[in-house]
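You will see two complexes here that share chain A, one where it goes with chain B and one where it goes with chain C.
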Partner chain A sequence: MSATTSITKAGGHSSVTRLLMRNHIWVFLALTVVVFSASSPYFLTVNNLGNVLTQAAFIGILAIGMTMVMIDGEIDLSVGAILALASALAIGLQDHIGIWPAVFVGLLSGAALGFLNGTLVALSGMHSFIVTLGGLIGIRGLVFIYTGEDALMVSDFSYTDYPEIYLGPVSLTAMIFIALALFFQWVLSSTRHGRETYAIGDNIDAAHDAGINIKRHKIINFTLCGALAAVAGILLSMRLGTAEPNAGKVWELWTIIAVVLGGTRLQGGYGSMWMTIGGVLTLAVLRNGLRLLNTPNYVELMVMGTVLVLALLIDKLLSRQEA
Partner chain B sequence: MANPILTLSGITKTFPGVVALDKVSFDVRPGEVHALVGENGAGKSTLMKVLAGLYHPDAGEIIYQGQPVQIDNPLAAREKGILLIHQELSLSPELSVAENIYLGAWPTNALGVLNKRKLRRDAQAALDAMGCSFGPDDRVGTLSVAMQQMVEIARSQAFSANVVIFDEPTASLTDTEKDQLFTTIRGLQAQGVGIVYISHKMDEIFELTDRITVLRDGQVQGTVTTRETDATAVTRMMIGRTLEAYFHKADSSFGDEVLRVDGLSLKGQFEDVSFSVRQGEVLGFYGLVGAGRSEVVETLFGIRKADRGTLQWHGEEIPLPSPRQAIDLGMALVPESRKEQGLVLMMGGMENTTLPHLASYARNTVMDRGKERATFDEYKDALSIKTTGPEQAVATLSGGNQQKFVLAKWLCAGPKLIILDEPTRGIDVGSKSAIHTLIANLAERGLAVIVISSEMPEVLGVSHRVLAMAEGRLVGEFEGEAMTEENLIDAVSHHLARPAAE
Partner chain C sequence: MQTEVKAFLRRHGLLAGFGLFLISVALSADAFLTPGNIFDVLRQVSITGVMAVGVTFVVITGRLDLSVGSLLTLLTVIVVDQHNTSGPAMAILITLAAGIGVGMFNGVLVGLVGLNALIVTLAMLSFLQGLVLFYSGGSNVNVQNAQTTWFAVFGRHDLLGVPVPALIFLVTAVIAAFVLNRTVFGRQVFAVGGNETASRFSGIASRWTVFWAYALSGLTTAIAAVIMGSRVMGAQNTIGQGYELTVLAGVILGGTSLLGGSGSIWRTVLGITMLGFIQNGLLLLGFPYYIQWLVTWAVIILAVWIDLGAKRGRILA
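Right after this comes the complex of A and B.
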C-alpha cells in the first residue's frame, strides 16, 4: 500500500509566510508601536509600556475566557455584567466575612453564572448569543439590586495595596493577565479539553461522531469564562477601591473585538491565546497612543472602529490567499 | 469460505409512513469487498446508519464476530472495529492529521494532558501502514480531498477495524486518486478486513468487489457473486418492476416543434445530446442517478454553461440563454430539490405562487392583493392543493402539496415549455397521481413538457416518447410500442457494461 505518494498537498506557501499569515495581528501591533514611537516621545518608555500592559489586563483576562468559548463556536455577552457582580460582591462582603472569603465568593459567583450560561446553552440548544444576552441584562440588574444603585466603597484600604505590587514596571494585575494567558494557551494546545474544544468548533458533527462529549466541553468553557470575568472584576475592584454598578459596561464588546482582531474565528474552530494577546495589546496600544497624542475621545472611537474593520479585512484577504 | 465477520438478519427500520428497511439480511466476510447497490431511496444509507450506530433498528439482529451486539452510537461502532468512511468527510480541518485520526480517543495522562509523542508515533504508524506521503503534524485543511480520505481510512489501522464501510468514496476523486484508493482498499482486504462498498458506478463495482447485494424499496433483491453476473443483471435487479400505478397519458395532438437541441455538450457532465420536443408532447428522460439528465436541462435553462451545442426555439436558432432569458422565452424548470431551489418555506402559498412574477401583480409597485388572491384560488382549485388558506406557510404542507405550489408558481407565468425534474420524488401516492394527471392536462393545453424521472413506470406511463441516458450520453429513444421496461433496461445497462475507458 504505497501508491499514495503522487497525491500532492494543497496550498504552496512556505512555513514562515504561513506563520506570518496566521499571526498577522503581531505584525499589525509592531506597526502601531513604530508609528506611535515616531509620533510621541512619551510612548516608547518603560513606564508607559508598563501602563499599557496594566490597562490591557482587564479586557485581556475577559478575552482569555472569551477565546475559549469562541473556539467552541459560542459567544458570551455576559462577561461585563459578571465582572461588575464579582467586583461588587468582593467589596460589599469583605466587611462581613473578611477580604479573602469575599474574594472567593466573588470568584464563585462568576464561575456559577458561567456554569449556568453553559448549561442553558448545552442542554436547551438555545443560541449562546440569546442566553448570554439574557445574562447581560439580568446579571446587571442583580448588580444594581445588590449595590442599591450606588458605588460600594472599600473600608479596609490594605485591599487596594495589592495592585501596587510591581515587578520592575510590570504590575501584579499585568502579571496575572500574562500568567493566565500562558496557562490557557497551554490548556488549548496541550490538554485534551483544549484540543477537543477546537474539534467541536471546527466540525461539530465529526466531533459528535467521534464520541466527544460536546455538552461537557461547552459547559466547562462557559464556566471558565465566567470565572475569568470574576477575576477581572476583583482585580478592578482592588485597583479602584470601589465597585461601580456600571463597571464593565460594553466591555463584552471590546472583549469580542480584541479576540476577533487577534484572528480567532467567530464561527469557532480556529484561534489561540497568542492571537488574543496580540488583539488585546493592539487595542490597548491604539488607545494609549491616541491619548498620548491628545486625540479627542470621539476621534479615538472613530479611529478604533476603522482599524478594527481594516484589520479584519486584512484577515479575510490573507485567509483567502491561504486557501 | 470464511465465516462472516458481520451478519445482519431481518433488520427492519420504519419512519413515519415509510418502511425504510424491510427485513434486510446481509453479511460481510473477512477479506471480502461486498458491494451494496440500489437506486436513491432504496435503503442503502439507512442500512449504513444502522451499522454505524446512528439509527437503531426496530427489529432484527446484528451479529458481529459471532456475538449478537447492539451498536449504540458511532463511537461504539468504532470501538468494536466497525468504521464508516463518510461521503462528506468527517474531519476537523483545523486539527492535525494525528489528532483527526484519533479524534475522541486521544492518549492523555490522568490530568487530561495530551501525550503528544504517543499520539504522533501511533498516527505515524497508521500512516506508514497505509503508505501515506503526508505526516501526522500536517493540518488536515491543507490536504487534498483524496489525502483527507486517507486520513479517515487511516482510522482503520489506528482502531484495528474489522469492517470498513465506504459510502460512494470515489464521488470527488480524480482517476489517479481512484486507482490509489482501490490499491488501499485491496491492502485492507489483504489484512482480512471485511469491506462494504456502496456505489452507483457499475465499472467500479465489477472491478473491485467479490459479491453484490442489491436493495430496492428497502428490501434485499438478492446477493450475487460478482464473477457470476454482469451489469445488465444487476441493473435489472436494481430497477425491476415496481407496483403498477394508474397513469394518465395525455390525449393530445402534437403541434409545432418548440425546442430543438443539437450537439449539446458540457465537459465531464454530458456529451453530444440532441433532441426535440413539440407542442402537446410529453418527452420523458430516463436514466440512473448521475446519468446527466438534470445537468442537461439545467444547461438548457442557463444554470450551467454549455461548451458546445445549438438551440432552436420555435424553429429559430437562438444563443444559449441565461436563466432570466429562458424564463422570458417561456421556459419553466421545476427543479428536483424543491426545498432548496423552489420555495420560500416560511412564506404562504399565495406569495410563493406569485413570487417570480411580482411585476404583473403590482400597480405602481403596490401589490394588488385581489389579483394575487384570484391567481391563488385558480391554481388551488386546478391543482387541488390542500391548504388552509393563502397565508399558510408552505413549510407546514405535505411534500405533494409543496410540489404543487412549485408547479403553480411556474404555470402562472404561462410557459410554452415546462421541464419537471423528478416531479414526484418523495411525495405520497395520492399526490403522485394528481401530478401525473396535471402533466397530462398541461400537454393537452398545448404545452411542451419534459419529464425527468428515475421511476421507470412513471416515465413510461406519462410520456409519449422516452429518451434513455447513461453516463452523459443519449443511449436510446423509444416511442409507441417500443416503450417497454425491457428496452429501457437494455439501453441503459448495455452502455454501463461497456468498459469505462471508451
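Right after this comes the complex of A and C.
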C-alpha cells in the first residue's frame, strides 16, 4: 500500500486523478450525460435510461468476450457472425426440438465456433485477425445456408416475452449484461485464469517462461467470446422474434470500438470490464442522445468516428504522462 | 531432387494448389476455362483487385486499412454525382483527389501522429459512411446519360477483346510492382514494415513512408470507384460495404504478412484472382451461392497456415 502511494507521489498525481486518468471513459460518459440532460428533456428519465441500458446490452455482451480476448493480445472479428448463427439456430430449431433445447444448441454453436477459433490460433500460431476474418466470412456463409435469404420467425410467441421481464426500469436483457460483466470482472481480477490472461497479453515470452499454459488460456478466452456472442444472439432473437441472416453485420467493429473506447489496449495486457462497460455505455448514450435531439443518422456515424480518434489521442497523451 | 520439390512447393505451393483447382473445375465444367468466362471473372475481381494493390503497400508497412470499403462507397457516390454536375473528366479528377485526400488523412493520424491503424481506419469507416449519407442525402444516385457517356469505357467496354477494368487492374498492378520493387520508396516500405526502429536509425523518414502508403491506398480506391461507378452507372449508399474485408482476404491469401515487411504485388493479384476463380468455379459446378464463403474461410486458413508452417519448418506452433 505504501509502495503504491510513493509511486503515485513520484508520478506527481494524487490517487484520485490517477484513478480518473485510468478510467477516463467514465469522465467522458458523465460529461455526455450532463450535456444530453441539459439539451433534451427526454434524456434523463428513468424510462429512457432503462432503454439505453437495454440497447447497450447486445454490443455490451459481445464486448465482454472481446475484452477477454483483447487482454490476451488477440482479436475476434467473427462475433457478429456467431451472433447471427446462434440467433438463427435458436429460432429455427425451436419448432422441432422445443424452445430451451434450441437455445442450448444456439449457445453450443457459439462456444464451439469460439473453441474452433481459439484452437486454430493456438495450434497454427496464425494471427487471430486472419483466423477470425476467415471465420467472419465462413460463419456468415453458414448462417445463409441455414436460413436461406429470408428471416426466420418464431411461431411460439411466449419466446418473445422473456426480455419483457423488468425489474423496475431494467430489462432482463440489461440485467444479464450487467451480471455477466460483473462476473467476468471478477474472473479477470480474482481468478488464476484472469491473472494469467493479463500476463500473456503483457509479455507472452515471459508468461511462457513462467510456466503459463498460453494455448489453454487463449482457447478458453476465444470459447468464452464465442459463447457470449451466442448469448447476445439468443437475447436478440427473443427481443425481435425473428432471426435475420444479416443480423449483427459489422457489429464486431462496433464491439471493438466500444472496448477500445473504454481504454482496453489492442496490444494486450491492459484493460478491465469497468473500462468496457464505460465504453459500451458511452456509445449507447451518444447514440440515444443524438437520436433524441433528432440529429440525422450521418451525424451519429461521424460523431462516433471522431470520438474514437479523440479517445485514441487522449489515451496516447495520458500513457505518455504516466510513463 | 526431393528437396527441390519441397523448395518449389514452399515457394509456389499456393500457385500449385490453385492450378490443381483450376484443372479439376475445368474437367467438370466446360464453360470454366473459356475466354468469355475468364474475362468475366477478371472483370469482377478488377475492383477489389485495384484496391488490394494499394492496401498491399499499407500492409507491408505493418499497418491495416479498414476504411477502403466505406471510401469506395463515398468515392463512387461522388464520381456518379459529379458526372451529372461537372462532367466525366472533372468527376474523375475530383474523385482521385478526394481518394488521395482521405488516404493522406489516414496517413497523418497513423503515420505522423502514430495512432493505432486498426482503430483509426475503423473510425474512418464509420465517419466516411456518415459522410456518404450526408453527401447523398440518403438517396441513391444514378448517371443520367448512361447510354451515351464516354464514362462507360472504364467499367463496361473491351479493348482488343479484353475488358477495360481488367486492363486497368493489370496496369495498376504493374506500376505498383515497379514502385514497390524498383524505387527508393518501395525499399523504404519494406524496411519500415520489417523493422521500424532499424529503418529510422538508417535515416528513413518512416512516418512519411507510412503516410504515403495510405495516400496510395486512397488513390487505388479512387481508381476502383471510377470502375465501379462506370460499371453500375449509379451508386447506393452501401455499395462498398464489406469490401475492406474481401480486399484484406485477398491480400492475406496472397501471402503478404500482416506483421509487415514481406509481400508482393503479384502475390496480391494472385490472391484476389484466386478468390474470384474459386467463387466462379463453385457456382459453375452448381454449388449453392453461399458455399463459396465457407470455402473462402477454409482456403484462407489453409493457405496462411501452410505458408507459416513452411517458413517455421513445422506445422504446429
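The rule is simple: the second predicted complex is superposed on the first by the 311 of 323 C-alpha atoms of A that agree within 3 Å, B and C clash if a C-alpha of one lies under 4 Å from a C-alpha of the other, contacts with A are read in each partner's own complex, and residues count from 1 in each chain.
Quick note on the criterion: a contact is a pair of C-beta atoms (placed from the backbone, for glycine too) under 8 Å apart; a residue touches a chain by one contact, two chains touch by 3 or more.
Quick caveat, the model's predicted, so the values are computed rather than measured.
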First, second, both or neither for A:Asp205, with chain B first and chain C second: first
First (chain B), second (chain C), both or neither touched by A:Met175: neither
Which of chain B and chain C A:Val309 touches, first, second, both or neither: second
Chain A: partner with more touched residues, chain B or chain C: C
Chain B versus chain C as contact partner of A:Val260, first or second or both or neither: second
Partner chain in contact with A:Arg192 - chain B first, chain C second, else both or neither: first
Chain B versus chain C as contact partner of A:Met126, first or second or both or neither: second
Touching both chain B and chain C, residues of chain A: none
Contact footprint of chain B on chain A as seen in their complex: 1-11, 190-193, 195-196, 198-199, 202-203, 205-212, 269-270
Interfacial residue positions of chain B with respect to chain A in the complex: 73-76, 78, 90-95, 99, 103-106, 108, 111-114, 116, 129-134, 138, 142-144, 146-147, 150, 176-177, 179-180, 183-184, 187
Chain C residues touching chain A - in the complex, by the definition given at the top: 66, 109, 113-116, 118-120, 122-134, 138, 241, 245, 248-249, 252, 258-259, 288-294, 296-298, 300-301, 304-305, 308-309, 312, 315-317
Footprint of chain C on chain A - complex, ascending: 120, 122-127, 129-131, 133-142, 144-145, 250, 253, 256-257, 260, 266, 296-302, 304-306, 308-309, 312-313, 316
